[in-house]
Amino acid sequence: MVLHRFTPQTYHNVLGTLPPALRIASGDTVLTETIDAIGNDKDGVRRASGPNPMNGPIFIEGAEPGDALRVEIVRMTPISSTGWTRSVAAANVVDPETVRTLPPRENVTWRIDRQALTTQLQNPPAGLEYLVLPLAPMIGCFGVAPSLGQAISTATSGEHGGNMDYRLFGPGTTVWFPVSAEGARFFLGDCHAVQGDGEIVGTGIETSFEVEVTLTVEKDRKLTWPRGETAEDIFAVGNARPLDQALQHATTEMLGWLREDYGLDATAASHLLGQVVRYDVGNVFDPAYTMACRVAKKWLPAKRQASF
Amino acid sequence: MVLHRFTPQTYHNVLGTLPPALRIASGDTVLTETIDAIGNDKDGVRRASGPNPMNGPIFIEGAEPGDALRVEIVRMTPISSTGWTRSVAAANVVDPETVRTLPPRENVTWRIDRQALTTQLQNPPAGLEYLVLPLAPMIGCFGVAPSLGQAISTATSGEHGGNMDYRLFGPGTTVWFPVSAEGARFFLGDCHAVQGDGEIVGTGIETSFEVEVTLTVEKDRKLTWPRGETAEDIFAVGNARPLDQALQHATTEMLGWLREDYGLDATAASHLLGQVVRYDVGNVFDPAYTMACRVAKKWLPAKRQASF
Amino acid sequence: MVLHRFTPQTYHNVLGTLPPALRIASGDTVLTETIDAIGNDKDGVRRASGPNPMNGPIFIEGAEPGDALRVEIVRMTPISSTGWTRSVAAANVVDPETVRTLPPRENVTWRIDRQALTTQLQNPPAGLEYLVLPLAPMIGCFGVAPSLGQAISTATSGEHGGNMDYRLFGPGTTVWFPVSAEGARFFLGDCHAVQGDGEIVGTGIETSFEVEVTLTVEKDRKLTWPRGETAEDIFAVGNARPLDQALQHATTEMLGWLREDYGLDATAASHLLGQVVRYDVGNVFDPAYTMACRVAKKWLPAKRQASF
Amino acid sequence: MVLHRFTPQTYHNVLGTLPPALRIASGDTVLTETIDAIGNDKDGVRRASGPNPMNGPIFIEGAEPGDALRVEIVRMTPISSTGWTRSVAAANVVDPETVRTLPPRENVTWRIDRQALTTQLQNPPAGLEYLVLPLAPMIGCFGVAPSLGQAISTATSGEHGGNMDYRLFGPGTTVWFPVSAEGARFFLGDCHAVQGDGEIVGTGIETSFEVEVTLTVEKDRKLTWPRGETAEDIFAVGNARPLDQALQHATTEMLGWLREDYGLDATAASHLLGQVVRYDVGNVFDPAYTMACRVAKKWLPAKRQASF
């Protein structure tokens, strides 16, 4: 295994076909430290500006449009003793008239115990003194250069990935992105120590991580939307507004996946999904919302091909 | 405990302030057999027409507007050897242009093994021969008479409940509905043997059940939207389109619940939900979609009052 | 012509299959005074409670499910010297975070000059002293009993009509509603002296009118959604959320209309609508939003049948 | 007046901070020929690939982030004898289940009479033989480089403008875009000979135009969304999905405009908009939908400042 230790010299607020910061072979592993959503590093030093400054792009030799980039999230190790969140539910997750009653939005600090792998509010409000949460690390924003030479803000997401803020994008998960530019050009950053569904306060617990990912090109494997696999599930991701459209994208992608890799036609796939599908809300805060269409592997037929 | 065995003489396609079919005291238990979504009973005899013919209304003495009706789903026993589903994903859960490629929609039969508590397709399509699913019974449509003397179709849902098609409405779950009419006037029907998130083929496995529910008035307990509790979670339910608005209703209701019963102000509740909330898609098929905002009880503070 | 002068003894907050308040023959004309959205009559006397108390139901002899009820709005005469509006844009028409900055909502009075047929604010805020608007009367809420024996709040709308708040529902316009109950059971009320698109402050200028309508049954004329015709246009109306779905309903209804009455297949109708269609936002405030799909009559082919 | 005749050497499928193809002074006028949405020029020669290849970028000296670029559409002259449209309503403008019934999508040709300034189908389907439409030229896609160094596909739109497909973007209209990059970097293309609201067949009548625009920097004039002015109206444009959100953006921008330039606070602006606002659907086809919030100038107070 080839391991690259990657220290960015600069950070990016878009995912696009930018000059590579690192070139690797397909199958190599990269170890890198991310900074937080507003650009602070593990020591609290401002290294870049927001939104969601990215490490990258990493150019994977041999990746071409029409391929998929497989990203195995091998490990995420917290490297800061604190993280932060916004303090109040976002205006777009409550009834519109209720927004008038929301308190002002501030940032608050969470202490991270890197031994116990837990986190708690530094100054908990009345009633939450007891709250100690286990860390559940995830990558908030990652993906590849989008199609057409686009460069898309890390505040949002699309077919190329981006700021999906989906809590299953953590250690042990494998993700596939559709390659649209030579070398795929992988970016990552904006990691969270914990995050509920929807990222409804507008943040997870924003902090710095050492992240280890293995990046592999799968030739001629056409995806439209990102796909993922955990120990228990496979899932397809749609990014759009409203949630209805994100769900349509994710479901359409899953139907294609079940057909291509599992040999299920639309009717068979419908029978299966109709009774076992799960939908997860990734984020319901960013310009594009994220919805995952997820299926437990225990309900899947055998794969027709060794596609991954 | 008082147990009423309730056999409807007629069924209803609306939830409204209709003449009571049964009158009970608060805290009584009702045992009743439901028919399926198109009106067939356990023996395949058409007893009513669709959509979703309801058993009820059950008048609970003492219930008045401003109260809540607590519904404990004690037991659901399958009483038919078959159920049915539609055969293809609904047009509104896939990308619009993809709808052109969907096969025609038919109804298919599932065999129900009432000893093993499993179900499988009677004539599985190629690739699904292996699929045997455990039963996971749920009530598709239930609720109380809505406000203003409205009578609302059992095809849809609202603040009063109705056709929410949420898979957590199963045995062991307790649900609260806001009372808007004298006697609350509880209806139920449209039970499913299994259903995935979203009811994306337009049905769960539609069949007949013997259902046992305990119905209790909680005086002066103002809800806006249905709430529920399982062994592990509490949840609030919003019914609307798009999913975004259903989520707003559910989240707003949960913020209210956390304030009233758990003493968390908007900031504290936001801190908690932001990191631990789960959203479930009830249905994404009916005229109103359903989204649940769910929190694991292990993360909640102690309740301030013995409100239920 | 038979003219009925109709003075309600009671008002209704739902559209449903209620006992008739008046029975007329098809083709008769009804003259009635409406009260405002919160139930005040022309003299400021509270006669009923909100939302949108309705005059009706008017039973039209011979109307059966599967027919259409044609409603010609012959005349609307203002009968009060004042009207009122809410004072601030509704929370759901501005960006969610902007809601925090909106001033509190109050009711303000407009003076109505029944000679000049104009209206102006009684106490205009700085900068609006000049504003004098011509009256543009419209019926905010009207329609027929919905299907399935439903009774639906006058706060919202559906296939049966209801609270559509569309400014083209004024004098000179003819409207068709799908009949779902014996006698059609026509209701009307909630008239506005003026209203912009969308009813974005949550009201038009709410006041009392004397309204004259001619009600005629068109046998065996199946509509799904309300349709209308002015001197210059025909339009179909969809009621739903989000606006996207209201637009889908209205467009689908218009495609059907162009096929049935004008002989245009889906391709020909698409060619026409693609270049000449206009969409109007009825309301973007009520539980169901309203969108009209409108076509100028000058672009239409000759009708194939004397259908109306 | 300085007039630049601009003939692109290359075309772009994104709006971004690309190297200038032309540099002009603020207030200069540019005359250029556009090609159609798939890259065909006036003679039917494929000059570029889709989507919506753009002429530009035009660098306007002195434009900096925080300024506005004023674009006066002086003239649009058709330069081709044909245009084309898609033949059937898009899947996303009809009810989802109706999509199954739509005929296949083809491209059809319209003849353009450049003397009479009219257009008609080359091979009209039965029933549309009579249809001759006056030309109503408009720019489908134009705008400036977006913020953050983004490069955004010409298939979609955003705060920077882009593929808004709004029929009021024609000769005589003045448009303002928010400047996010040095020189503003103006792009234009994708002109339509005619287009209904919503671009519901996925195209207007796509053809080539000679377009004359005058481009002027307005210093320190912060817009969030594009604004426009015709002889009769002012309007603000929002681009997003669903239409509800596009409407929110447009309304919020208009409230800001009325405050800044017309001295109306939120209450006064609400009084005005509530009774006179008009909403236009730009497109309801592209990835981002477009909604305009429009006000007739006859209802506006005097401007407080000579801001444009």
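By written order: A, B, C and D. Residues from 1 in each chain.
By our rule, a contact is a pair of C-beta atoms (placed from the backbone, for glycine too) under 8 Å apart; a residue touches a chain by one contact, two chains touch by 3 or more.
This structure is a prediction, so every number in the text was calculated from the model and none was measured.
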Subunit C and subunit B - chains in contact with each: A, D
Most distant chain from subunit D by Cα centroid: B
Subunit C and subunit D: spacing of chain centres that average the CA atoms, whole Å: 32
Inter-chain centre distance, subunit A versus subunit C - centres from mean C-alpha coordinates, in Å: 47
Contacts with two or more other chains, residues of subunit D listed in rising order: 92, 96, 102, 241-242
Arrangement of touching chains [line / ring / star / complete / other]: complete
Sites on subunit B touched by subunit D in the complex: 90-92, 96-97, 99-100, 102, 242
Interfacial residue positions of subunit A with respect to subunit B in the complex: 85-89, 92-96, 98, 101-103, 108, 121, 124-128, 130-131, 133, 194-201, 203-205, 241-244, 247-249, 251-252, 255, 262-281, 284, 289, 299, 301
Residues on subunit C engaged by subunit B in the complex (per definition of touch): 13-14, 16, 51, 147-153, 240-242, 245
